[in-house]
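Shared between the two complexes below is subunit A, which has subunit B as its partner in the first and subunit C in the second.
On to the complex of A and B.
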């Protein structure tokens, strides 16, 4: 099973949101990392067939998805970044409604709704109205609807935005659990979401795909560029002005700074093992969440 | 039978000529001409990739039956407020005719398209609830969902108008049923056409309020004797012409919506 993105571009009036993206995706979790406005959501929308590319093609197992039409939509599960849900529907009614729009028979829908609600831990809340759910529960309903048709391609856009840490961990574990035998695309600007579950990380910057590597290889690329230094409080602003500073941690009366820099920023600086947050800082020159 | 044989012979002759022509073109290259079995193997290998000719009539029938089937499911998802409100309108209309002795023609003309106008809120619910993007990605597409809802709303409107028509014609023997039907079918088709235009182009719930207010404004005019007389004097052919044009526009809009589809760009 493969999904091929062939020279895909998307223009909005004068802005080029995506610029000749070429990708080959096979089963596994892919994390799409990028700052706001990098083109993540546009790419996700095109892959979910919600938006048409200005040029280029997307092929699923060699077939053009534009020609596959509903046959392709039958293969995908999509959770947009902003989804309202029908607030007056109970979680069960909402999922049954979506199941019918996904072409599931009544019997299949009943079984599948139970299965996905149990998977996302909402079985006890099935009769409650979606409008009364917390943000985390709504996201879980969103994930549940995406899984109803047992999709071969799961596309989730910024799934953990606005979730508390506990919900984020729960979501990560859930994605891990469901990722076998499907292509999972997860866009985020929260690096910890994908650090341990992504097979490969795609880095998008200003509409261009600048990297597609395993997290390990990406980290190898910045191996000698992450430093840790211990400084006085008064010196912090100097380093912030001249270097890309990530974490700042208080260590008794001093502060420990994590800096991403090609050269050693200070004589006492020590090289440290990089993580994806450092990688984000390296590519986007802004602090990761 | 004879014609088919002649056609086959003509095809064979054409193929032979093509083969000769291709063979001639290959002469200038040092390439071994493929054997019959190799050619057949190539053709069979390519066959799965050749698009199958669609039976248009079958496709149209399948699409319509799928929309009808889904319309049935939509009945249970439409807000109860829609049913209650429009039943209330029906009741008010009947009260106006029977208790307040208003002209049944004018009242029916005024109430005829109201369920469709109010139903637009249900039709555009996907967008208002922030569900449109998600629904665009589903097997049953957003345009099919919208058309299904329109079928429910339009169908309910038709039923309400029929109930109104037959209730009045049963109690008022002097009522001319065909005229009564003409008086509601015309505004109903015109407003349905306008509604489709809103769904297809404007997609804004404020436009629904604007249509409702405009229609009530027209209703005030309808109640003036002068205006009623003018409508009464209009020949039936004009009503029919307006209805047929609006119906044609409805079919065109529905076809356009179905074929073109609804994408994110069109909805935002």
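On to the complex of A and C.
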């Protein structure tokens, strides 16, 4: 099973949101990282077939998805960045509605709705109106609906935004469990979401795919570029002005700064083991969440 | 089937449609409630039947009596209620006879003509029933309601109920699931179309139940066998229809026009950014023709063109009030047939366009 993205571009009125993306996806989890406006959502929308590329093609097992039409849509589960719901539907009714959109029979739908609700921990709230749900619960309904048709291709746009830590872990485990025979595409700003489950990390910057590597490879790439130094409070601003500073941690009366830099920033700086957050910083020159 | 069920659920879950319907029905009563008395019906009974020379003469004599009385009376002293009713009856009989005389004259005139549609008109006029008088207040009122208040009820209900049928999905963000799901495009469009047509039927049935109910209560069942020419609007009508047949045709035509309008609303909704825009565009399409026709001077042919708009098609009236045809390769096609063809063609076009739009639809925000 493979999904090929072939020279895909998307232009809005006065904005190039995607710029000649070429990409080949096979089973496994792909984490997409990128700053706000870098084109993550646009790429995912195109893959979810709710948007058409301005140029280029997407092929699934060699077939153009535009021609596959409903056959392709039968294969995907899509969680949009902004979860839309019918306020006066109960969680169960809403999921049954989506199940019918996905072409499940009534019987299949009943079983599947139960299953996905327990996967996201909403069984106890099945009879409640989704309009009254909290942000995190709504997102879980969104995740649940994406799984209804056992999608071969799961496209989830910032699935963990608004989830509490327990639910985030639950979601992460869920994704890694189901990813064996599926293509999972996951965008996030929370790098720890994908650090251990992603087969590859895709980095988008201003509509361009600038990296596609395994997390290990990416981290190797910045191996000698992450530093830790201990400074006085008054010196922090100096480093912030001149370097990319990540975490700042208080260490008794001094402060420990994590800095991403090609060269050693200060004589007492020590090399430390990089993580994806450093990587993000390295590519985007801004502080990750 | 599941999809259709959900679409119906979403449609009928809108509280606003019930409020609107209730208000429109209240307004359609005109806030009056007049009924006929038994004595009035008794008076009508005496004159019931075919109108012959004899009845006509008798009516004239009776009518003259009252006229004399009016002239003899001092100014301001009114006739008794009974006399008023009688006078109305005599006038009515004269009117019906007038319609018959008009047809006879027309037939004579047609003998000297030889147009593509002359023969048809002759045939049709000959088939109109002989003048016949009967108590038919209820059918007349029911027919009037269906061609006046009903168009506003159907129009408003469709506009309010259906304008947001696609824009709601955009504004709630559910279009993401819909457009990315297997059945969310073609099948869902058909489900929405079917649900809308069911909605339309229910709207029409709802006001018709009220229409029949209230008028039967007010005026009794009445005689539905009387020719439509007994109604002022259909004085010149060449259609040999009694009130019952005509009302059925009127309802069917109204329903077909309403279907057509519903399909247009769906199409507009599928391309609109939000519900308000969709509502306004559809509202303008619905209301503009009547505003033009009522306020702007225009040649007859242009007026006829405007008559083939949704609002006038729902009104039905103009299709049957006179002899009007178009020339199709030498064959005369009467307006009602033309209207049906036109509505079917429009419906097919709207459905095809909607399916095309949905096939290529992208999320908007």
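Some notes on this structure:
In this text, the second predicted complex is superposed on the first by the 289 of 289 C-alpha atoms of A that agree within 3 Å, B and C clash if a C-alpha of one lies under 4 Å from a C-alpha of the other, contacts with A are read in each partner's own complex, and residues count from 1 in each chain.
In this text, contacts are C-beta pairs under 8 Å (C-beta built on N, C-alpha and C of every residue); 3 or more make two chains touch, one makes a residue touch a chain.
Computed from a prediction, not measured in an experiment: that's the story for all the values here.
Following the overlay on subunit A, a clash is recorded for the pair subunit B and subunit C. Touch criterion not met for A:210: it reaches neither subunit B nor subunit C. In the superposition on chain A, A:149 makes contact with both subunit B and subunit C.
By the touch criterion defined above, A:249 lies against neither subunit B nor subunit C after alignment on the C-alpha atoms of chain A. Touch criterion met: A:98 reaches subunit B and subunit C at once.
Clashing C-alpha atoms with subunit C appear in just one stretch of subunit B from the list 2-10, 38-46 or 74-82: 74-82. When both complexes are aligned on chain A by C-alpha atoms, subunit A residues 45, 48-52, 70, 73-74, 76, 78, 80, 82-88, 97-98, 100-103, 145, 149 touch subunit B in the first and subunit C in the second. Within the complex formed with subunit B, the subunit A residues making contact are 45, 48-52, 67, 70, 73-74, 76, 78-80, 82-89, 97-98, 100-103, 145, 149, 155.
Those residues of subunit C that touch subunit A in the shared complex are 2-3, 6, 10, 13, 172-188, 360, 362-363.
Of all the residues in subunit A, the ones that touch subunit C in their complex are 45, 48-52, 70, 73-74, 76, 78, 80, 82-88, 96-98, 100-103, 106, 109, 145, 149. Every residue of subunit B that touches subunit A in the complex is listed here, in rising order: 51, 70, 73, 77, 79, 125, 129-131, 133-141, 145, 263-265.
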